[in-house]
Structures are given as structure tokens and as C-alpha cells.
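All chains are identified by letter, namely A, B, C and D, in their written order; residue positions are counted from 1 within each chain.
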Amino acid sequence: MKRKLGLLFVVLAVVLSFSVLALAKQDTLIVAVDREPSSMNPHGSNDAGTSFVTNLMYEGLVTFDSDMNLVPELATRWEQIDDTTIRFYLRDNVYFHNGEHFTAKDVKYTFELTSKSPFTASTLGMIDAEATTIIDDYTVDIVLKYPFGPAINHLGHSTAAIVNQKAMEEGGENYDDNPVGTGPFVLKKWNSGDSIELTTSDNYWGEKPAYKTLVLRYIPEATTRAIEVETGGVDIARAISANDAINLGDNPNVNVISSNILNTSYLSYNCSKPPFDNVKVRQAISSAINADAVVRNVTFGLGERANSVMAPSIFGYVPSEEPYGYNVERAKSLLAEAGYADGFKTTLVVNAVNASTSAEIIQNMLAQIGIEVEILAYDFNNWLDTIVNGRQDMYIGGWTTVTGDADYALRNSFHTNNKGTGGNRSYYSNPEVDALLEQAAVEMNQGIRAELYKKVQEVLAEEAVYVNLQIGQVHLAAGKHVKGLVAHPNQNIDLWTVYFE
Amino acid sequence: MQSKQTDRSRKNYSLWLSAWKRLKKSRMAMFGLALFAIICLGAIFADVIAPYPYDFQNLDETFQFPNANHWFGTDSVGRDIFSRILYGGRVSLQIGLVSVLISVTLGGSLGAIAGFYGGKTDNLIMRTLDILLAIPAILLAITIVTALGPGMFNLMLAIGVSSVPSFARIVRASILSVKEQEFVEAARLSGCNDAHIIFSHLVPNIMAPIIVQITLSMALAILSASSLSFIGLGIQPPIPEWGAMLSAGRAYIRNYSHIVLFPGLAIMATILSLNLLGDGLRDALDPRLKN
Amino acid sequence: MDEKILEIENLAVEYRTDDGVVKAVNGLDLTLEKGGTLGLVGETGAGKTTTALSIMRLLPDPQGVITSGSIKFAGQDILSLSKGELRKMRGQHISMVFQDPMTSLNPILTVGDQIAEAIRLHEKISRAEAAVRAQSMLERVGIPPNRYSEYPHQFSGGMKQRVVIAIALACNPQLLIADEPTTALDVTIQAQVLALMNKLKNDFETSMIIITHDLGVVAEMCDRVAILYCGEIVEYGSLEDIFDHPEHPYTKGLFSSIPDLDTRASRLTPIPGLAPDPSRLPKGCKFANRCSMKRPECVKTDPPVVNLDDLHRVKCLLAQGKDAEQHATLG
Amino acid sequence: MFRYISRRIIMMIPVLLGVVFVIFTILYFSPGDPARTILGVTATEQEVQMLSEELGLNDPYGVQLFRYLKDLLRGDMGRSYKNNKSVSAEILQRFPTTLLLATLSILFAAVIAIVAGIISAIKQYSVFDNIVTGFSLLGISIPNFWLGLMLIILVSLHWRLLPASGFYGPRYWILPLITNGVGYMAGIMRITRSSMLEVIRQDYIRTARAKGQREIVVILKHALRNAIIPIITLIGLQFGRALGGAVLIETVFAIPGLGKYLVDSISAKDIPVIQGGVLFLAFLFGVVNLCVDILYGFFDPRISSQYRRKKEKAVKMHAKQAN
């Protein structure tokens, strides 16, 4: 009992000191976030919550700017030596949080680690860590196992952030308590389930943030995050709902910044399962769904409808001509041609958290052509398990192309080899598409690659493999005093650019 | 024996009659009964009363505040909230009833067996139930729903199972208190088998506490169901369960709080009516406890 | 002996509940001389306990209401006392022993504490002194003082009643009201308790009201007897008056309904019928519906109280002067 | 006393093992692959395999259960699949918040409810009594997550009086406390009122009054202490529930407690966390029950003497057998 009491007091003290900290504004930025990280190690997890935090503490060789252009970060420049070798020239003035000097050794060490991490196999698996060579302290040759067009894009992903060998080895199992990167922020304390406190790094090579302390508060309810901004409880809220984004727009004390992200949502099928193996059925469904209306409703008019299975800012994106746009009459005749004049009964599997409303509207629309849909709104775990194992009839899914390149989006989602477990949850198989995708992956000429991906997208659209729904969006809300805030398509925020006015 | 039994059934009959008379006297209980009846009628005749089908969407009339066409306003896809609440009553009442029936049947039989046989059987059953009791009910329910997958029946099963232990305890205690009475001994001497004794002699005599518990548990079950729906487990859209309506509406509370106001009030009214009724029944069936 | 310790005049008490108004006591007059013992006799529901609780001013609140009359204790009007004065009076001047010893003691306090509590409420003494006094009280009621710190559930019924008596007498009250003090006890224990009460009454010189339906108890303990029926005293007198010359048909009925060991009479004549519903009392004599000697006018007029001699009073039309003679001739 | 407590704690062990078995079995056979859930939509088969191997998920049911039990016996509750944090450390970090929320809510509820319940009982049928009865009926009928949302809208957003989320200090505690406490309060009020009503009709209360005791003492010393057993029973029950069941409150107010953590883990199929958390809660539940039982004895001498008598009986039996 005594110990429990003691513990209670410690927590109280922490909590109180924290609230005092929060009161001493000016040099503290408080951000409400929707997701918690799983790890403080950039290779320790691949989820958005982790990426958001590691982006503040670590840096990669290259990174994306807010228009998804690749820009140098720890590397000053790079050159393609041959199909499988890229030479990076590194900054010589970079120090880790623990004072260690950043050199090519850290780069090699990092990719040795990522080659063993289950979280980076799909993004960084093409790197041959053994063959990667340190030329000198500030020059490194990264060697690929096979020619890979979008390799540099992959290096811009947050899981490719550079870590320090000494810190990793000293940290061991407790690395998360004391993570070390080269970025502008240092972890002070991770109050699991509640908040993460960071301070600015004294060793940061770039321009230091305009404030000393950064607090990320984990607030799971979107509405609560919005209210917190409105009431001044936090400075910035990430991922507020579209509805709140509109309504907060009317508030003179709050700025709302929206950005499209690298994610799109779509309705798709198990294309290997009747009746969805019949292209006419898929085309009929495409025609029966007024996707614009769905998107308008679920995004409150803020969102754009996707014109491809990829988001526009991704390399290789080509808006499709929409051969099977909304047309109920055509839908009915297509369905009749397919032999289902009276429609049929089927199910639609959705992730209850984010797609229930879309599903309900689609259910109503499909009822018009006689397709009776039962919605199965599952939790994430169940939903994923269902579509990975092909138990779905129809499903609403989404794909986030973290690398900003079409290869990651299309090859994973539509190549025959990736059926089910690999990422092809539509169970789609088309040798023509497979060939195009394989060719594009190893092609080094980006112009040719773009052509190939255009063709893939055209085939997919013609075959009505999916019905495009909305392009993902992120809405940030910030108090009027917050300046320099930019919404980033990869859903991270470069908080070091923020200042107060 | 025969006459004794009819005697008792007459006694039982008059017991119920006088309980009903006492119940009628309690204004609170009658209010609860009336409210509950209204909710039930609304649910049963939802087809007739509701101005719109529960899944009728009008994407041009979303987020309407209460008005003449939509008494409770409309939701994010333009469905009439009043109609959905009426239909939602069906779902909630069904969940309440079925899940309580599950726990009564399971918990009741286990409790009856444990109480009647005592000894090792009792120990085995009650210790097993202790395990279920030790797991927080809502976590147990969530775990079961997660394991079974969502859906109305799974939800009812989860809620039902998680309140099995409490029913078992009540029935066991009641059985223990009546099983030593003379008529049980008489039945046993006249060669009745155990099942017969339990179901035709013991059970009728412990109906009073069970009925009260059923009423109160129904309220709890409806609340649990809405809690589970609130965290996204349970009822499949577009079925209008009140908790699911709350859950779906909570993204809009900042500006359109009517979307969550009415389902919340509906839950409250139902639970209130059941609690009032349960209290009234307890007083009526067990006059000793009447204040 | 002449000094009056308690005078009750025209007391009327009602219970107001959801089900209606119950007139429990209707115009009751009663006096008790200092040092005397009064037996209050009547059936269940006759208003005996209500009368006692009225004297203590412990009627259930808010249902029980004294609607009229006065109660004077040692010349002081109890009905006009403030709450504080009432508290001083209770326990110190007037004490009460309740019917059921099983439930009269607080189960979670030791018996010693419960006695000491009564003492400390009225006397400025320390906890330790109070404990000593409480132990000696225990001794006086015949309980070993070393059982001071035991709890009520460790005592038998008779022992508990002794404890209750000890609490009641702890502050040496002038008036003790004992509400059926022996009803809940075994016969043998009854005798012990009665003997104890008699002894203590003499030791403490306490006036006493004993409420009972047991005429045997009355015979043993009382010098005055009041017979209650439907909240009225139908007959009052000395022990001899009542036992040897009962006038009221109800009193007579009471005596004929107890078995008489001397005559071994096998015919008990219980009083037929039931007392009227106290929420709908008849206009005339309230006993009329059960009275074997009922006459038409009994139902019409409420009979006046007739003083048969200094003490002996009876509330019956038959007892009125010439009516009584008439009755005799008719009989 | 010590022996009684230790015996009770030993008796908890089979229940706790049962809890491990039940939870593990349900979770093991429930759909979904933890590795895939952690890795997300875009994970490849290779990644899933690597992670499954790392987490030991490829082992059969029996092996995994046995391994868990073996580690548990060594005091190791394992590490979270999701974030690789030590489960026991994580529980200990979150528990104080849960404990604080539960304790504050129950305290807040109990203090107000007991006072109100007592007054309502002694002033039965008064206006105050009607208000209390009405409140308690409404209170048990309000879904608390809904109340929380409404309070945030009203108090935080419209009136700007209190923060809408977090649990950093007294100002932050108020709304969650009210939200969580109203239901408990209603329950305690009801039971206090009915229990007091029953007790103040008892003869010993009249005895106390007849002694000339002051009304307040009669109520507090004589009545309340007798009425307290059902009240304590309920509070104990509620406390047990509050420790494990404030899931929705924690979600609505973004409070980093145990309940929310476990619910998130259930949907992520993070078995070690769920196991550890449920086990911990089950243990707490046992401890709370034990405390309630000890309190019974403290408040009611009849109960404590029952224990004593049992013990004496056992001693006598033993002595007899020895003879």
C-alpha cells in the first residue's frame, strides 16, 4: 500500500510539474496528435504514429518537401554510379544528440539494421547492406540487390532515417527511453498513452526551432482535438475531422490547414470470386455508384475524388478517363449482360472506424440496381484479416504510398504475386499488368516508367478493378498565434518550422 | 400432495395478484411501466409510426436540425433521426431481452445446479464462474465480441455471457434459501426427480428476485450494448442501434449535437423506465423491503 | 402518592400515510401517581405503544402526529418542550423499555457502550467513570460485569432484555415505560425479568407504565390498570376494580378469554369479531360491533365516561346510573 | 488476520490461472494476425513472416500458452507485440492514473451520495428526498460516455470553464470525475437511502433516541454504521469496476489509463498486454474484494465473530482428532 501511495505521489508530482510546464507558454508548443508511436526507433515500426515522432528526431539522407519533391537532408547530393549503386555525399557538420559525429559509418550501420527489421523489408529490402561501401567519412556508396527505379524515393521514407551505432548499442532494450538521431528535437519523456515531451537539440545542424519544448499530446477523439485548439488547450491539432475543419474555419482565432495525403480510398472486390470475376459486374457497380456524392458527403465537400488508385502527388500518377462513371441505366444493362438482371446479394467489408458512412451510402446506391449489400463493419484487425485472406466479396480499402512512387502503390496492390498477403487484396490477376509493373520496377528512366504506369492505370480503370473514392486528406487546426505551419502529404509535420506571433 | 400443489399454485397466483396491486399503487413504477410500454410500442409499430424508413438517405438534407419534417433532425447522410430512434428501439430492446435471456438461462441453470446439489458441484461451478467474475465485464464483453466478430447475435452473446456469474449467484442464493423448506422435502419424499424438483418446485418460488434482476439487467445490457457500439464493436450499419448512432454522431457534436442528443435521451429513457419498473417490482414482490 | 407524575388529557394521535389517516389514539385521559405502576392493557393496535411513544415524543416522523390534548410530566407540558429539552428528558426523567429485546440493542456496539452512552448523555462524567457505572448497572440487572465489552448477539433474549432495562434505568429515571417487556421472552425468563423489574422499581423508586396484553403481568406488577380499546380508555381503576369488578363488556371479555387454572374451565370465550378499521372508526361505541350486550343507541352515540367511584371509570352506556340498573333487570 | 489474508491471496491463484487460460484461449482463436495488424495494410508477406517469427507467433497454441505461464511464474509478463515495451512496466505506469481516476470518482461520488442518501432517508418524502431520488434514478440511467461528450460541449467548448481532455491536475480532473462519478453516485445514493430507511426503523434506533441521544449522533453512530455494509459492498463493487471499466471515459477525455490501453490492445490483438492487464485487474478485483470483506468485519462484530467462531471450531475439531 505504501508503495502504491508512493507511486501515486510520484505520478502526481510528474503530472503537476508537467502542468506547470504547460502553463509556461511562449517557449512551448503543444500539439494534439491522433496516434501514438509504437517505437522511438525509426526502424522499430512503420506506422504513422511512429513516423510522426521519428521525423522530428531523426533525419534521412534525403527527404520530401511539402510538394513531395525529393530534397537533400543528411546528404548534400547524390549520383547514380550504375544501375545498382548510388553515391551519397554527406554533410560534414552533423552531430547526433549524444554528441557523436555523423559519418558514412552511421549510414552503413543503419542499413545493416534495416536489412534485419521486419518493418522495413518492403521499403528498404532492395538495399544490399553488405555491399554498401564507405568511401570516406562523408561519402558512401549504397548498393542495391537489383536495379530499382524508385530507390531514392524509398530512402526518403521515415524508416530510412539514420541512427547512431553507439546509441543503439548502449540503449539496447531500453533504446526507446533515450533515442538518438540528428534531428531538431530530443526526446525528454514518453508518457505512454498520454504525451511525449521533446526539447530542441543543441547539436542540431540546421536552424533551431523558435521554441524550447515540444509536447505531443495523444488525444484519440477527433472532436476533442478540435475543441482543444479552439479552447487554447493545445496550439496545433493534427487530423481533425472534415466537419470540424469546416466549422472551425469560421472561427477567427483558429487557422485550418488542409492537405491531400498519399492515400486514396476505393471500393474493390475479390476479383477471383464470382460474381466479381466478371468484369461486367464490376463495371456495373462502378457505374451505379455516384462516387462524387459519396466523397462530397463524407468529406463535407472538402475532399477531392480520386481519379486513380494513387494520390496525385505520387510519381506515375495519371488521372484516368473514368470509362465507367456514374450512370445507373448503363449499370443496369451491364448487370443484365452479366446475367444478373435481378441483381444479387453480397457483402461489403469495411473498417468500421473510417468507412462505415461511405459503405452505408454505397449500400443505398447499389440497392437501386438490385444488388443487396450487407455491410460488415469490422475493427481494423478483423477487416485486414478478412481481406488478406480473400474472404471478402466487396471491400472498401485504402493505400498509402509512403514512398511517393507508383511502384509501391501499383505493384503491391495489383501484381499477381502479391495476391492476398502481399498487398493485392483485390485478388486481381492480369499477365499484362504484371509484365508492365515488373518492367517499370527495374527501369531507370523515369520518363519511361511514367509511361508504363500510365498504361497500368488505364487497364485497371477499364477493367473496373476498383471504384475510386476520396483522396485522403489531413486537416490541421492551429491557433492564430501559430505561424509557419505546413501540412505535409506524408502526414508528418515539420514542427521545427513553426513559430509564434 | 396434489392438493398441496394446487394450494400452493393458488397461493402463488394470489401472490402475483397482490404484487400487481401493490405495483399499481406505486406511481413511480407505473410511470416506468408506461414509459417502457411507450418505448415498446414505438419499437413494435416503428413501421407504422416512423415517417421514413430507417435507412432512407437524402444526401441533400444532411445535418438538419429538428424541424417539422424531421422531428429530431437528420444525420450525416440525411436520415431521419426520429425514425431511426424508433427502429433503434427494436434493436436495443431485442439486445436487452435476448442477452438477459442468455444470462438467465445459462447463469440460472448453473446457479440452480450449484445451489441444489451443493458440495463439489457447487464448488466447481462457482469457482469457474469466479474466473469470469474476476475479468472486468466490459473487457470480457469486448474480448468476446472481438473473437466472435461483430454482429447482433455475437453482441448479445457477449453481453449475456459476461453477466452469467451475477445471475448464477442470485439464483444459487435463492435456491439455498428455499431448498430446505418443507415442500421441497415433501416433493423429494414423494419420489420426484431432481430436475422436477428444481424446475417445478424451486424455480417458481424464486421467481420474484429473478424477475427483478431480469428487469434491472435488461437496463444494464442495453447500456453495455450501447457502450460496445460506441467503441465500434457490435451492431452493423445501417442498423440503427442507439449506441451506434451516438458513436457515429460523436464526430459532429461540436456543431450538430442533436445527432447525439436524441439517441442519448432514448437510451436514458429506456434504462430509466426499466429501473423504475425493476424497483417497483422489487417492492411489490417483496413487501418486506418496502419502505 | 398523591403527587401526579404524569397527566394525559384528551390525547389524540393520528398516523398519516399514503393509504389514509389512521386514528390511533382518540381522546385519551390518564394519570399516574408518583411511585405508582400503571398497566396499559389492550389488544394489538389498541394504541398502547402509540400512547407510550407520545409520552416519549418518539412517534414516527413525519407520519405520527399528535392532533390534540396535553401530556404533562411532573407538571411540565411535554408537548411544548424544545428538541433539546426533550433530549434531556428522555433517558434521564423518562425511560422506555421496548417490546423486543432482540432488536432493541444496536448490534454493532458493545452492551457496555450502550449503557455507558445513556449515562454519559445525562451526566458529566468521564468515559472511564461511565464504564464503571455501566458495569455496576450490568451487575444490578444480574449480568456479570466482565461481559461489558461483548456484543448483543452474544447474549440470550432474556439477557438482552436485562441490558435494555439497565439502559433504561441507568440514569435513575422518574418514569419507566415498559412496552410489553416480556412478550418476546420464554415463560421462565418472563418471570425472572418481571421480578427484576419489580425489584428495581422499588430500589429506584421509579413510577412505571407497563404496556401489555397479558393480564397475568398486570396482576403481578400493577396497582392501577387502564383498558384500551381503539385508542380510548374504556375502563380505568385500581387492580382490584378491574380484576374483581370489571364493568365494561370488553374488560369482561378479556377476562373470560384467558384460561383459568383454578376452575380448569375448558370453555374459553374469545371476544368475537375484529376491532374496527382505525382509519374508519364508527360514530358510536367503538366496541359495539363486537359487544354481546349491544343496544341500538350504542351505535348512535359515543358513550360518555362514567365515574363509578373515585378511581374506577368506565366508558359504556350500560354503566350509566340508571342504564346500569336497566341492564341489570334485563340481564 | 494475517493468516486469513494470506490464505485469501493464495486462493486467488487458481482463479488468476483460470483468467490467463480463458483470455489466452479466446484471443488465440479469435480472427486476425497480430503481426499483420501491427505492420498495417501495406505490409508484405515477408515482413509479416519476419515479425511473426520474432514474436514467436508461429508456435502452436500449447507452446505459446506454456511459454507465457513459464515466464509469468518468473514474474515476467512479457513485452507488447506492438511497441515492445515491458508489459509490467507499462501497466505500472498507467495504473496510477486509473487508480487516481477511480479513487477520485468513487470518493467524490461516495461523499456526496452518502450525505445526500442519509438526509434523504431521514427526511423521507421531503422535497430534498424527491430530488435525490430523481437524481439517482436519472444518474443510473445516463450512459456516462454520452454525459462526458455533453459536458465537454457545454463546459469546455461553450463556457470555456474546464479543459476538455487530459488528466494533469485538479482542473483536468473535474469533468472526468463528474462523468465517471454520476453513475456511481446514483447507485450509492439509492443504496444509502434504502439501507438507512431500513435501519432507522429498527428498534435500536428508537432505543438510542429514548436515551436522549442527539439526532445527529443517532444517525451517524447508530444508524449509519449499521447501514454501511450494503453501502460498502456496492462501493467495493464499483471500485473494482472503476479500475477496469473506465474505458469509455478514458477515450472521451484522452486519459492514459489502463482500460483504454487494454481496449486498444484487444483490437490490435496484442496478447501479452491484454493478458497482463486482465490478470492485473483480476488480481486487483480480488484485493478489493478482500478489503471489502475485511471492512465488513471492522464494521460488524457479528461477522468478525463468525470468523473467530469458525476458527475456534476448527481448533476444537483438531483437538478432538488429536485426542
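Everything that follows uses one rule, which is that contacts are C-beta pairs under 8 Å (C-beta built on N, C-alpha and C of every residue); 3 or more make two chains touch, one makes a residue touch a chain.
Just so it is clear, the model here is predicted, and its values are computed rather than measured.
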| item | value |
| --- | --- |
| Neighbouring chains shared between chain A and chain C, ordered by label | D |
| Chain at maximum distance from chain C, centres defined as averaged CA atoms | A |
| Maximum inter-chain contact count - chain pair | A-D |
| Between chain D and chain B, distance of the C-alpha-averaged centres to the nearest whole Å | 23 |
| Euclidean distance of C-alpha centroids - chain B vs chain C, Å | 51 |
| Centre-to-centre distance between chain D and chain A (centres being mean Cα positions), rounded to whole Å | 38 |
| Where chain B touches two or more other chains at once, by residue number | 146, 149, 250, 253-254 |
| Shared-contact residues (touching 2 or more other chains) in chain C | none |
| Shared interface positions of chain D, touching two or more other chains | 31, 152, 157, 251, 267, 269 |
| Every chain pair meeting the contact rule | A-B, A-D, B-D, C-D |
| Residue numbers on chain B that touch chain A, as the complex places them | 55, 57, 59, 62, 76-77, 146, 149-150, 232-233, 236-238, 248, 250-255 |
| Chain A-touching residues of chain D, taken from the complex the two chains share | 31-33, 35-51, 54, 82-85, 90, 92-97, 99-100, 152, 156-157, 160, 163-169, 172, 251-257, 260-261, 267-269 |
| For the chain D and chain B complex, residues of the former touching the latter | 14-16, 18-19, 22-23, 26-27, 29-31, 124, 137-138, 140-143, 145-146, 149-150, 152-153, 157, 194, 197-198, 240-241, 243-245, 247-248, 251, 259, 262-263, 266-267, 269, 274, 278, 281-282, 285-286 |
| Chain B contact footprint on chain A (complex, rising order) | 221-223, 226-227, 241, 243-244, 247, 293, 296-297, 352-353, 356-357, 359-361, 363-364, 374-379, 381-382 |
| Complex contact set, residues of chain B against chain D | 127-128, 130-139, 142-144, 146-149, 219, 223, 226-227, 230-231, 243, 246, 250, 253-254, 257, 260-261, 264, 267-269, 271-272, 275-276, 289, 291 |
